[in-house]
């Protein structure tokens, strides 16, 4: 159970979210719900954000509008996660000029297996 | 508990999600959380996606920007669902040229009633 | 456990969501999941929606495209909430001409503390 939020992390029960690396390491096997909203500020690039499970992209989200000040690349998923799996966001394409402000990344255990 | 994802379905605990029809049939009465992100590829149409409970639309989401490559129609909801209710997505307007790639549809039981 | 939806509120287990004020008052301490999708109709303004916990903004979402008919400002978060905390949406900037149609605001207790 954690939230990635630029500063601060709002909730990090169990301390399974590594703040420095922004990586969640699963404390146990189960189904987890993850969702993210990554906000880009005005620029001409399209961003693609991947939710990664270990080394593999699971889902992607995009934000590509050139005319708006702030736009979010959002998605969410339920994932079967093994103990010690690492789940994190990867900026596959584009950049986030201005950082992660307003972006969120949340997850929690829906039920254990 | 399921995820609709074009290929493959990532999680389908209990096997209550019919992959061919893309319809979730509730195994029991309760409150369920549903969310979806339907991605359209570049085209000039606006899409409207409805989350359907049996024959009734519950919530809608839209994606209508003509200038971006990929854009998601996203929404989410908590629903009181009776046993055997069917929950699914319906493309009410527009088309998804290029299919459901990157789209997700997830749901899980929050608590039984 | 509640959903804000213009009319009607779809789920309001425990009756902790005040329909008139659109404010959720937490019945007990715990981690709650909140998410919202606020849809604006066509107009030239950018909207900013804040999720408020008591008097404090926790997360924000934006919708600013001038060329699309409907666009959602979406975000979601896990929050540590004390008993009697009030959680609600605030339109920080812009207006929603045409009201909250298609908008949703959902929350549920992930686990008690």
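Letters A, B and C mark the chains as written, and numbering starts fresh at 1 in each.
What we mean here is this: a contact is a pair of C-beta atoms (placed from the backbone, for glycine too) under 8 Å apart; a residue touches a chain by one contact, two chains touch by 3 or more.
Treat the numbers as computed from the prediction; the structure is a model and nothing was measured.
Comparing the contact residues of subunit A and subunit B by number shows a mostly separate set, under half of all numbers used being common to the two copies. Put simply, subunit A has to spin 120° for its C-alpha atoms to lie on subunit C, with the angle rounded to a multiple of 5. With each centre defined as the average position of its C-alpha atoms, the distance from subunit A to subunit B rounds to 20 Å.
Counting partner chains per residue, subunit C has residues 35, 65, 67, 74, 76 touching two or more of them.
Contact residues of subunit B toward subunit A in the complex are 1-3, 5, 10-11, 13, 35, 37, 39, 65, 67-72, 74, 76, 102, 104, 106-108. Taken together, the subunit A residues at the contact with subunit B in this complex read 31, 33, 35, 46, 58-62, 64-67, 74-80, 110-111.
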